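Notes follow the structure.
Going by the order they are written in, the chains are A, B, C and D; count residues from 1 in each one.
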Amino acid sequence: MSITYLEAIREAQYEALRENPNVFLYGQDISTFGGAFKATKNLSREFPGRVFDSPISEDAMIGMAVGAAVEGARPIIEMQFADFSSVGFNQIINQAATLYWRTNTPCPITIRLPSGGTPGSGPFHSQSMESIYAHYPGLVILTPATVEDAYWMLLESIKINDPVIFCEHKFLYYHLKAEGFGDPMPIGKARIARPGRDATVVTYSAMLHESLKAAEELRLDGYEVEVVDLRSVKPMDTDTILASVARTGRLLVVGEAFPWGGVTAEVIARVSSEAFHLLDAPPMRLNSKDTPIPYHPNLWKAHRPTTANISASLRQLLRY
Amino acid sequence: MSITYLEAIREAQYEALRENPNVFLYGQDISTFGGAFKATKNLSREFPGRVFDSPISEDAMIGMAVGAAVEGARPIIEMQFADFSSVGFNQIINQAATLYWRTNTPCPITIRLPSGGTPGSGPFHSQSMESIYAHYPGLVILTPATVEDAYWMLLESIKINDPVIFCEHKFLYYHLKAEGFGDPMPIGKARIARPGRDATVVTYSAMLHESLKAAEELRLDGYEVEVVDLRSVKPMDTDTILASVARTGRLLVVGEAFPWGGVTAEVIARVSSEAFHLLDAPPMRLNSKDTPIPYHPNLWKAHRPTTANISASLRQLLRY
Amino acid sequence: MELREDYLRTLRCMILSRTLEEKLGSLYRAGGRIVGGVYLGRGQEAFSASAGIHLRWGKDVYGPLIRDQAGRIAFGEPVLDTMRTYLGVVTGPMRARDGNIHRGRPEVGYMAMISHLGSLLSVVAGALFARRLQGRLGDTVGATSIGDGGTSTGAFHEGLNMAAVEKLPLVVSIANNQFAYSTPTARQYACESLVDRAVGYGVEGYSVDGTDLLACLETFHKAFARARAGHGPQMVVGRLLRLGGHGEHDDASYVPNTKKYEHEGRDCLAVAQMQAQELGWATEAEIDEWFKEARREVDKAQAQASKEPTPDPYRENWRALSTPGLVEGMNE
Amino acid sequence: MELREDYLRTLRCMILSRTLEEKLGSLYRAGGRIVGGVYLGRGQEAFSASAGIHLRWGKDVYGPLIRDQAGRIAFGEPVLDTMRTYLGVVTGPMRARDGNIHRGRPEVGYMAMISHLGSLLSVVAGALFARRLQGRLGDTVGATSIGDGGTSTGAFHEGLNMAAVEKLPLVVSIANNQFAYSTPTARQYACESLVDRAVGYGVEGYSVDGTDLLACLETFHKAFARARAGHGPQMVVGRLLRLGGHGEHDDASYVPNTKKYEHEGRDCLAVAQMQAQELGWATEAEIDEWFKEARREVDKAQAQASKEPTPDPYRENWRALSTPGLVEGMNE
């Protein structure tokens, strides 16, 4: 049985609905229609009265989830695209993220953000917002890169008593397949996706796969590149990153978000300040370019990091 | 004549209104009332029909500024507090920031964000959002720390043909005084606020003053700490930072925003990757704590970086 | 007669609220003791308390806003909670982390507003939504309020529209006190009356003289009954005037001294005292006694809260997440 | 007679729009040539073009949305601009950076929508505001549109309210096509008709059968005249049905095959052709000729655009700011 990343997300929601009567789903077109990407396909039929089509009101969608969570429900909110969470931004960072700290009342909500670029999607259907949300206290930011993580981490998100921003990557929805869900790994732990000894690539989400391909390319040149999949960008598993850098002495951080600040800067700042002496070469980072995300595939391919420029960066890093 | 930071902001707006009939001001309570902080005091009287009280509609305020800018106007939008820009977030990052890139039509708007913490202001009237906006392509993010910069940089903002996020610090409004505006410095250039040779502190906005005090403290111990005032966090003047680190070999970055990502991580990432060999010690950073900003002054003082912990960090850095 | 009882209960809440707020105002002006700003509901007590009195602490859901001290008291919030919050002691519901008008106890259905106007409406709606989903809505009702200025927010629109689509038992008070900080309503909306918005949301609308306690009580009585009976959200617009500055730092010099606000500018508490006497429901002496009791209660709360500890940063856990295992060890 | 002329001009725009969109649909289904998604305005041409025809290219301000191909043509946008955008060639107004329905030319008052629904309204309002400030408003008018779904956004509410407060000459079309993607209006709003919202904003409201070109023209004629005459924003609600999927990838299988949508489901273009003949304003032969001309125009634009270059990442300047000195040299 081969399962896609997208199906894993559906299955996790199925399982959550089955396990816990307090779970409900709220989002645009997610009921009968099954969602713009079909991540909730059939769920409204399988769980009548638990899956709701919302008005186009991202602010109110998050606000209502917070209110519901206060009452013991465990809402899963689907944003149709991560990009539209910008209009629910205030409720996420100021209402949901502060509730527990302010009032001692936990806020168990899961916000699914279909994230990242795909060809032809353009500036408003391609964004990666993990770095924005991670800046704020009170949120957990998950960025699954595999079918297994998509399943287990989503299931776990719904159990966490805090607001979770679940950044699922649209590019992986149909492309990525696995034979099953395997075993869960704890949230907050990074994973050595590929062991190596010559350099470490720290990455997450869709860029994991580009990085793995680059590592494979470099194997042909005789290099063993270790690839660390962050899995969650907040909390970030600094220990695993440092342990890898301790082995390799070289660090490249790859992310699909915009270049200023964000995950890649955070990883480099941690490694540089906490394990400076482990570095044999200056740490490097690779992000998308500092413009909106282009609609035309020719431009889009050049805007985000690719296997080719990850490889090139690695060669540069290894030459140092 | 002694002028406060707040008066400088008023004077810059006065001057802009005087110089250019296309400048207008739009914001809550900024007309007759002169604004919650009096940053627009008397301007509605001095420039009738050019200063408007807006409805409580941050999203529409930014949208209208973009439309006005398209027509050649140069709006200055006052957010009553930076924190409320979260409800105008989408129009800032997706409408204003992408306009030029998408359509080749410049978007000269200035958004004033009264930023940063003051005692007793709590989680929603104290935020520093420069790191959030700097993540997005298409915006210029200014963070003046002095009376002179408050004046000249605001005046310059209004002339820039791109959207400017002007982060003015509320803690400096009344505290900070100068005898005049001095001479302008170009936007995008950092400033050596205090020369030194033993360590570099890179900082901006209100933290400049805490850092200068810390540097002064360390002078008593015989250390000469160089303090770099970023002035603008995007663009960030990497050259000046690197030149300073080249002189001192040691780097501490201090910011008032939340710890994950943001300005301090960005500075460290740049220095570590571009000038690794210049560093004699691991770079350090100091931010506020990873919780919402507390309302009680006892907690607030412990939440943000202070002279005391900047000094302590510097001592640690110098001991390395 | 039931109305008489409600009336007197509400009047006593108004008296307590006014007394408490006068204390807070004078503590603020004296300086040094109050932490943060002081934003009072003077002139809005009749309207606010008339909503609050219809709510049951621990059963219904309430999301009050800036000027709802009277409603909070009517809902059942102890004066001590207020005092503790304003004095910034750790025993208050917000533990000195957040302040004053932001206080609440979500675990008992008492929502704690954030500053961003309009954003609480959907939260209250969500609580009701969850209860219905869990099959325990029963005769629960929710209530929240907003000012004339807050109606211009997108959050208010989205929240009310969503509540209407979900047909939730929600009463939304709009306290039209003619100003949003310094901004007069002419710069806030262009309709004749904010109650004209009800039909566009498909909710039932009421307009009431917010200075008249009897009218307020009767109107809210209808609105709450309709909400509980399953007729969806109810919008009650009160015409009144903010009798004071936006906050105690503000002298409201921008409020023109015109005839325009003559009626709205009546003090609802004075009006209610007279009304109660005219109706023969209370004597002047009784009312005096209630004021005295209120003062005793406020003084007691102040005395108690004043003895309690302010927060100690070294004892704070500085954790924004409820799951300890997910907290990052940064800056530690 | 003037109406006849307007009618025929509008009808020809509808024919051109339909022809163009059919081409885009078939190119999309053929695969490989169209970049991005295809979202069509089939069934909405009468309503959309009736607004567009009242606008003057280069003089008025227009902020069209997803289903306004017909309005764009009526406003004066060349078919070639559309074709170039859909084919992703650099000669198009968006230079292949942004796509399809997002296209615009702000420098001539033709605003380029972002995806976030509702957020364009305040932009159009701002353009009018600036012109008034600069003393060059004259008889300029602005127009924008939204769907039934988009009315639930906070941005729409804030924008319309602000436009009403500023009393701007703005016509807002609400194309109520019964669905927002798959979501029926019952999950979007609870009022009887969206036109019931007009009074709450203090704007003038109209409701019109969006399948009837004559009715649409007459209604918009009134609305634009009122806007130009200084009566502030006008809201025109059109009752119609989206005749197709949300996008060309969507088979709209969720639209129930009920009598409910019988009237709204009429094809406005077919209705208009019959109407034109009944009124004696056009013969079948003339209409046939207009279709042929439209096809020639579309084919010509396609042929031209097809020859033009797609973007080259190495020739892109990758700059998001117009001020070169403020661009960071990152990743270079």
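The working rule: contacts are C-beta pairs under 8 Å (C-beta built on N, C-alpha and C of every residue); 3 or more make two chains touch, one makes a residue touch a chain.
As the structure is a computational prediction, the values presented were derived from the model and not from experiment.
**Student:** Please find the path from chain B to chain C through touching chains that uses the fewest steps, and give that number.
**Tutor:** 1
**Student:** Tell me which has more C-beta contacts between its two chains, B-D or A-D.
**Tutor:** It is B-D, judged by the count of C-beta pairs in contact.
**Student:** Which chain's centre, taken as the mean of its Cα atoms, is farthest from the centre of chain D?
**Tutor:** Result for max centroid distance from chain D is chain C.
**Student:** For chain C versus chain D, what separation do you get between their C-alpha means, in angstrom?
**Tutor:** Their C-alpha centroids are separated by 44 Å.
**Student:** So, what's the distance in Å between the C-alpha centres of chain D and chain B?
**Tutor:** About 40 Å separates the centre of chain B from that of chain D.
**Student:** How big is the gap, in whole Å, between where the Cα atoms of chain A centre and where those of chain B centre?
**Tutor:** One centre to the other, that is 30 Å.
**Student:** How big is the gap, in whole Å, between where the Cα atoms of chain A centre and where those of chain D centre?
**Tutor:** Chain centres of chain A and chain D, defined by C-alpha means, are spaced 35 Å apart.
**Student:** Residues of chain A touching 2+ other chains?
**Tutor:** 54-55, 57, 59, 83, 86-87, 90, 94, 97-98, 101-102, 123-124, 137-138, 234, 260, 289-292
**Student:** Could you list which residues of chain C touch at least two other chains?
**Tutor:** Expected reply: 94, 97-98, 102, 114-116, 152-155, 158, 161-162, 165, 187-189, 319-320, 327-328.
**Student:** Answer with line, ring, star, complete or other to describe the graph linking chains that touch.
**Tutor:** Per interface graph, the chains form a complete graph.
**Student:** Name, in rising order, each residue of chain B that touches chain D in their complex.
**Tutor:** For this pair, the touching residues of chain B are 21-22, 24, 49-50, 54-55, 57-73, 75, 87, 90-91, 94-95, 97-107, 137-138, 140, 160-162, 187-188, 234-236.
**Student:** Contact residues on chain C for chain D in the complex?
**Tutor:** Chain C reaches chain D through residues 152-158, 161-162, 164-165, 167, 186-192, 194, 196-203, 232.
**Student:** Using the touch rule from the top, collect the residues of chain C that touch chain A in their complex.
**Tutor:** 61, 93-95, 97-98, 102, 104-107, 111-112, 114-116, 119-131, 133-134, 154-155, 158-159, 161-162, 165, 319-323, 325-328
**Student:** Going by the contact rule set out above, which residues of chain B touch chain A in the complex?
**Tutor:** By the definition above, chain B touches chain A via 59, 83, 86-87, 89-90, 93-94, 97-98, 101-102, 123-124, 131-132, 134-138, 234, 257-258, 260-266, 268-269, 271-277, 279, 281-285, 289-292.
**Student:** Would you tell me which residues of chain A are touching chain D in their complex?
**Tutor:** Residues 28-29, 32-33, 36, 52-57, 59, 81, 83-84, 86-87, 120-125, 259-260, 286-287, 289-292, 294-299, 301-303 of chain A touch chain D in their complex.
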